[in-house]
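Per-chain numbering from 1; labels A, B, C and D assigned in written order.
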C-alpha cells in the first residue's frame, strides 16, 4: 500500500527523519511510536501526501507522491482515512455533518449512507452529540468524531495520530476494537501513539508490528513490547 | 483558594454538573478524573471564570466569579496558570514570545524575566525550539509550551487540562516533577487527566486528592487509586 | 420524475452541500455585500452625472452652433462695397462653413430688447451684421481673419462673442468623461476590494480549506463553494446599492425643465438601461476577482 | 538617560509589545488600507467637484447680481416724466434694492457691440434704460410690477431677461451640495467598511483574543493593540489615496482661466487645506469605527 524508499524529511534545518525504507503491506497493523517531537506526525503526513519527502521517495497505492498533482493527491486521500492529532472540523456544521463530509466531497449519494453515519457515530459513543457543533464537544469527543470521519468512506488505509490521547481507558479499548475489526476485514492500519499499554493490548489480539522512531531512523521495535 | 458552593453548570440542555460543594485549599494537589465528556474541562473553566455557574456559586480568591466584571476576571487570571486541553497560541510569535506573553499582558518588565523564560523553556525540553512558531511544533511540544506559559507568572493556582495527553511517559514524569516541586513551594495544583498511572505516581510523592466526576457529581475518589 | 430530472436535482443538491462547507455569514461576507452595494450606489451617481453632462454638452453645442458675427460700420455708400469684400474674404477663409449678411428685419429683431420694436431703423446709420458659421473642425484662425478684414474692409469688426459658450461645452464634455472615468475607477476599486475581502475570507477560513483537503476535496470543489458564495453576495449587494442609488437620483429635486444647466440628474428613456447593467457587471467582476483569489489561495495553501 | 525618560521609553516598549500580539499583515489589514485609500481618493474628487461648483456658482451669481432692466420708449418730452414716474413706482415696490437711470455714456457702451463706438446717439430717439437690483431675498413680484408700470408709465417695459442665468446658479449650487453629500456618503461608506473590516479581522483573530483572555489580558490591552493597528492603516491608506487623488486632480487638463464654467477641478489657494483634512478625518473615522467594533466584539466574546 505505502512504500518508503530511502525517504528522508527535513523541515529546513537538519534532517528530522533519514533513510527510511519499509513497506506497509495491505492488511497490516502497525504502531508508530517514539518520544515527543521525534517525527511521528511528520511520518504520517508523508504517508498521505501532506508532505513530500525531501530525499528518496514515498509511494502510495504505487504512485510516487512527488509526481501527483493536487487533485490526484485529493483523490488518493479519499482512499485514506486520517485522524489528525489536533482534530479539525468545520465548526459551523454539526458533528454528523462533519462525519459525513468525506461523502459529500467524494460525490457519494448522501441519502444511501445516512445509516452508516448514524452507526459510526453511535459506535464511537456520540449518538447524543450528533447535532452538536464541534466547539461544543469535549476533547475526547472531538477525537472520537475525527475517527468516525476517517472511517466513513471505508478507506483502504487508516492513519491515526494519537487517536486515544484524550479518552479514558475503556473508550480507548472500544475504539481499538473497532480498528481491530476493520483490520481483520483487510484494512491497513497505522496508529501513532506513546501509550505502551495500548500497544500491548492490541498485540494480544492481532499480529501487529511496532515502528519506533529513534535517532532519526525508523526501527522495527523488538520483543520488549 | 477556590470554593464551590452548591455550584451547578448546564450548557443549555440538562445539568452537566450538579450540586458541587468543595474547596481547593492553598497548597493542595488535586487530580480531576472521569470519563470523556463527563465535565472535567467544564469544571476547570468554572475555576478560572471562563464559565459562570448556572446555579450556586464559585469563589476564586474569595471573590464570587459571578460578581466580577471582565477586567476583574482578567486580573484574577494573572494569578492562575491555565493549561488548556487544546493548547492555543499566537501563531505569529515565537514559542519564547508566547511563553513570555503573560509577562507582557500583566505589565511586567520583560528584561528582568528573560532568564526565567529561558529556564522554563529548557525545563520542558524545548530549548531547541524556542524560536519556532507554534504551528511548527509537534503536539507534545505544544503541550509543554502551554505548561511553560501557565507557569511563567509564578501563579498561586495552576489548572492543567490533560497536560500530558500527547507526551511520552518519561516526559510526563519530568513535567510532573516540576508540578510537584511547585506544589511543595505552596502552589495549589489541579490536574485533569484520565491517566491513572500518572495519578498513582504522584500519589507516591506528595499528598494528593482525587476528584472523580461521575453521574454529574464530584466525588472524592476512594483508595482504588 | 424522469431519471434525467433526478440527475439534475441530484447535482443541484450536491452543489448545495458544497456551498454549505463555507461558513454561512460572517463579517467578510457582509463586507463583500456592503462593498458591492456602496460601490454600485456610487457608480449609479457617477453614471447619472455622466449622462446628464452628456445631455448638457449636446444642448449647449446645439445652441452654440459655432457662430460668430462681423459688424461693418461705414458710410452708406461704402457699406455695400465692404460687405461684398468681407463676404469674398470669408469665402476664401479656411474653417468657415457659411457666411450670410443679415436682413434689416433680422437686425431689428436683435435690437428690439434695447430700443423697443418701433425703432426707425431706416433713419439710422446702422452697421451691417454678417453671421458666419465655422466648420465643426474649429480650425478658424481668428487672428488671421482679423488682419485680412482690416486690410480688405477697414470698417469690419469680427466679434466672436458667442465663443464664450465654448468652454461650457468643453467643461460639460469633461464632466461626462470624468463621470465615465469614475465608473471605471469605482468598478476597479470594487474588484480590488472584493478580491481582498475574498482573500481575507479565505485566510479566515484557512482551517476550512485544510479540513476539506484532509478529507480529499479537489480544488474545483473548494473553489466552487467560495466563488459562488461571494459572487452571489456581490450580486445581491450591487443590486441593493443600485436600487438605492436609482431611488436617490430619482428623489433629487430636478431643476425646472427650462433650466439651462442640469435637467436634473435623472435617467431618461433608454439611459435607464445603463444603471441596470451595474449589478450583473458587479457580479461578473466579483466572480472574476473571487475565482482568481480562490485559485491563488488554493495554490498557496497546497 | 534620566529615570523619567526611561519610564517613557518603557511605556513605549510595553505598547510595542501590545501591538505585536495582533498578527502583522493579512488581507483584512490590506483591505482596511485599500478601502481608506480608495475612499479618500473618491472624496478628493467629490471635494474638488464641490469646490469648483461653488466657485462657479459664485461667479455666475456675481455676474447676475439679481438685475433687471426697464426700457422707457416715449416722445422726448414724455421720457423725463415717465422716468420719474417709474423711479417713484420702484421706490415703493417691495423686493427692489436699488434703481438707477443709465446715463447716455453707459447706454452708448451697451450698444457699441451692435453699432460700433461712433453711434450718433443724440440724433436718435433712444429709449431710457433703468437698471434695477433686486434684494437678495428675491421676493420681487414681477407680474405686479408690470401691471403698475403699465398704469403709471405706459412707455415702460420690464425686461428681466438676465434671469435666464438663475437656473445656472441654482444648478451649480446643487452640484456643490451633491459634492458635499457625496463626501458625507463616502466617509460614511468608509466608516462602515472599516467597521466591517475590523470585525472581520477580529473574527479572524478570535483565537488571538481567546489566548490573550486566557493569560489575563484586560479589554484595554486588547483593544489598544487592534485599534492602533487599524487606525494607523486607515491613516496610511487615506494619505496615499488623498495624494493620488490630488495628483489626479492636478493632472486633469484645466480649462483656460477665462472659461466660464469650470475653471478646472483643481484646488486653489486655501481650498488646498480641505483635501489635506481627509487623511486625519479618515483616521478619526477609522479610530471610532475600530474602537466601537473592538469593544463590541470583546463584549461578545467575553
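We take it that a contact is a pair of C-beta atoms (placed from the backbone, for glycine too) under 8 Å apart; a residue touches a chain by one contact, two chains touch by 3 or more.
From a predicted model like this one, the values you see are computed outputs, not experimental measurements.
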Chains touching both chain A and chain D: B, C
Centre distance in Å when chain C and chain D are each reduced to the mean of their C-alpha atoms: 21
Distance between the centres, which are taken as Cα means, of chain B and chain A, whole angstrom: 29
Interchain centroid distance [CA atoms averaged], chain B/chain D, Å: 62
Distance from chain C to chain B - Cα centre to Cα centre, in angstrom: 67
Contacts with two or more other chains, residues of chain B listed in rising order: none
For chain D, residues that touch 2 or more chains besides their own: none
Touch-based graph of the chains, sorted into line, ring, star, complete or other: ring
Contacting chain pairs - touch in the sense defined above: A-B, A-C, B-D, C-D
Residue ranges of chain D touching chain B (in the complex, touch as defined): 10, 14, 17-18, 20-21, 23-24, 207-208, 210-221, 298, 302
Chain A residues touching chain B - in the complex, by the definition given at the top: 11, 34-37, 40-41, 85-86, 129, 136, 138-141, 144, 161-162, 165-171, 194, 196
Chain D-facing residues of chain B, complex: 50, 70-71, 74-78, 80, 82, 84, 88-93, 97, 101-102, 104-107, 109-110, 149, 153
Touching residues on chain D, where the partner in the complex is chain C: 26-28, 30-31, 34-35, 38, 41-42, 45, 71, 73, 110-111, 113-116, 118-120, 124-127, 129, 157, 159, 161, 164-165, 167-168, 170-172, 174-175, 178, 182, 185-186, 189, 192-193, 196-197, 199-204, 252, 255-256, 258-262, 265
